[in-house]
């Protein structure tokens, strides 16, 4: 299995609902450094999993829709805790839609699976991985 | 599949038995930077794999029982080489017991698998991954 | 010159005032990974710049007063942009007060200078360094 | 499943054929920081996946045959784009041959799978993983 | 003293002249991950060393003129070895010119010094630091 | 001012004397990832601070005399706590002797200063910097 990964980041405010979150129930924020890993079993004729330029652009485009926001006010997350895991899934879903829409090129449609990892600090990170 | 990872470290002395180890047969030591990755297929009602606070506490508690020790004198490792791989397995086993004992909360019992990685330097690391 | 550094982090929400900030004028947030570097020309009788345990505790204590907050509502920052640079200076000032109050031990009073670095992402960081 | 990873690097010149590569069609170059991860389900009698010294030596030997080269002139890559993914596969193949030739020791023959990751910058990397 | 740092990268081919370089006399290449650190003693009225957006843009612009090139054919480096140190100095000089040309804004003209660091692998890096 | 840095590591056992060290009074150990930064104001005729190959070799040679040892039994450290700071100074002194002995080449004798940093974990490091 081949993979190709690109990294970018976004910065948001949010708060959590539920006693389990303790002081994180306050409005606070985070920088998420995001790794998107695209996987497929064979390379395209150029020798690529996906075009790295396109992969970077699509990740940047997806994160631009979240960057510099207060997620407590974003309709996409109404009634949800925007935990690292939930955000990893949301970014996964948006990147999968970009793949299906052909935004990573025709070759990109051959991507078999995708893993999105969000690093919230030097000591904690979360991810979601699934079929494309 | 979702995952949540936390990082901590411990510092020990030990020596290895066997010609394969060369100068590492001498009493020496290591800092191990430890990543514990918890995985499950669905999130709990809070949007979590496990509570990150509890995960950090349990990893810290497991490492506290190893930290600042000479592993050559620890009964748990009698007759065993405490290689990076062996230590990864031991920490895995102890974290699995913590999960089963409910120390990561009721939701923690839904963790499907765990991967423990020990980084012994900037150029070498080992891990053990298994079902919980 | 000797130095000793410890690392920790905090997570906050804030917004910036001024056209220069573009979309960062929105309420958003950040994780800051903080490095505090203590410097002095001679070691104490234990062979230390400062006790690493005390240094970690004091850094943690200073960051605990900022962690999980909306800095727009903190009186300490009223009328100020809480840029990475401004926060580095504020944490510097609070750590210097801890040094002067003896919270890093008698030996800690011999610290000559301190540098506080805040990493806001994998591609940007800021710092403040000065005499203690 | 256990794993053991070692890291090294190599530095090469190359160019790419195909409009998809844009300015990377020019002769340019890269540093690749290479991680080789060996996996097996049980440890050997020394408590090892593979001898870390031998693993490091074999990785170094494989990379020495690529280091300080212009890959456009290497017969091994004639007619191929030496993308990160293609190079990961080539290094994988060469390490598998080393395993089969006994260069990682008798125990090394029990390695079940191998993953080779090439980091080309702080924001992009690729890998190939397969059975040994 | 305050500082603000931004990171980017570029990928080039080159060769070195001189017996001291051994196999690096061959045409090969490198990825350089570049950190530019701007320093000044007081912040501007926005609380900034320099606008981080402008700093990132200027670093990107300077690196774009080097990226995807064979430096052996660049007039700017004729008769020079393009070592990590020499490249650090060249990027320093180009960023200083950008500062003086006002490309980092009026506030940017108050930058007192600049350090440019090029990381060529996980085990080697070089830098140049000087007055602006 | 130019600088050139190289990285390597060593692994030792030791214990500390003094109540300040708490549980670190037990025999334990550490991996130290070591960065040696050589500085000078002008480059040599090859465009170098020091030959990176020689710098790496000398750092490796100095660390080889410490690696896989129990520092409590090393005459060089009798009656001393082998703290991170003390070890940084010892490695500094040994590298300075190598410079003076011409082991970094004639050009190496022009090195003005040296900084040695020992990273003992992902959250703590120490250094010593001085004239050569």
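We call the chains A, B, C, D, E and F, going by the order they appear; numbering starts again at 1 in every chain.
Criterion: contacts are C-beta pairs under 8 Å (C-beta built on N, C-alpha and C of every residue); 3 or more make two chains touch, one makes a residue touch a chain.
None of the values given here were measured: they were computed from a predicted structure.
Asker: Of the other chains, whose C-alpha centre is the longest way from the centre of chain A?
Answerer: The chain farthest from chain A, judged by C-alpha centres, is F.
Asker: Since chain A and chain D are copies that touch, is their contact same (over half of the numbers shared) or different (under half)?
Answerer: Different-residue interface.
Asker: Given a C-alpha superposition of chain A onto chain B, how large is the rotation in degrees, taken in steps of 5?
Answerer: Value: 120 degrees, nearest 5.
Asker: When I count C-beta pairs in contact, which pair ends up with more: E-F or D-E?
Answerer: Answer by contact count: D-E.
Asker: How big is the gap, in whole Å, between where the Cα atoms of chain A centre and where those of chain E centre?
Answerer: 30
Asker: Measuring centre to centre with CA averages, how many angstrom lie between chain B and chain F?
Answerer: Whole-Å distance between the two chain centres: 30.
Asker: Among all residues of chain F, which ones touch two or more of the remaining chains?
Answerer: Residue numbers touching two or more other chains: 7, 122-123.
Asker: For chain A, which residues count as touching chain B in their complex?
Answerer: 16, 18, 20-22, 80-86, 88-89, 122-130
Asker: Flag every residue of chain E that touches chain C in the complex, lowest number first.
Answerer: Chain E reaches chain C through residues 1-8, 43, 46-49, 51-53, 56, 105.
Asker: Taking the complex as given, what residues does chain A use to touch chain C?
Answerer: Interface residues on chain A, with respect to chain C: 7, 9, 11-14, 23-24, 26-33, 67-70, 120-123.
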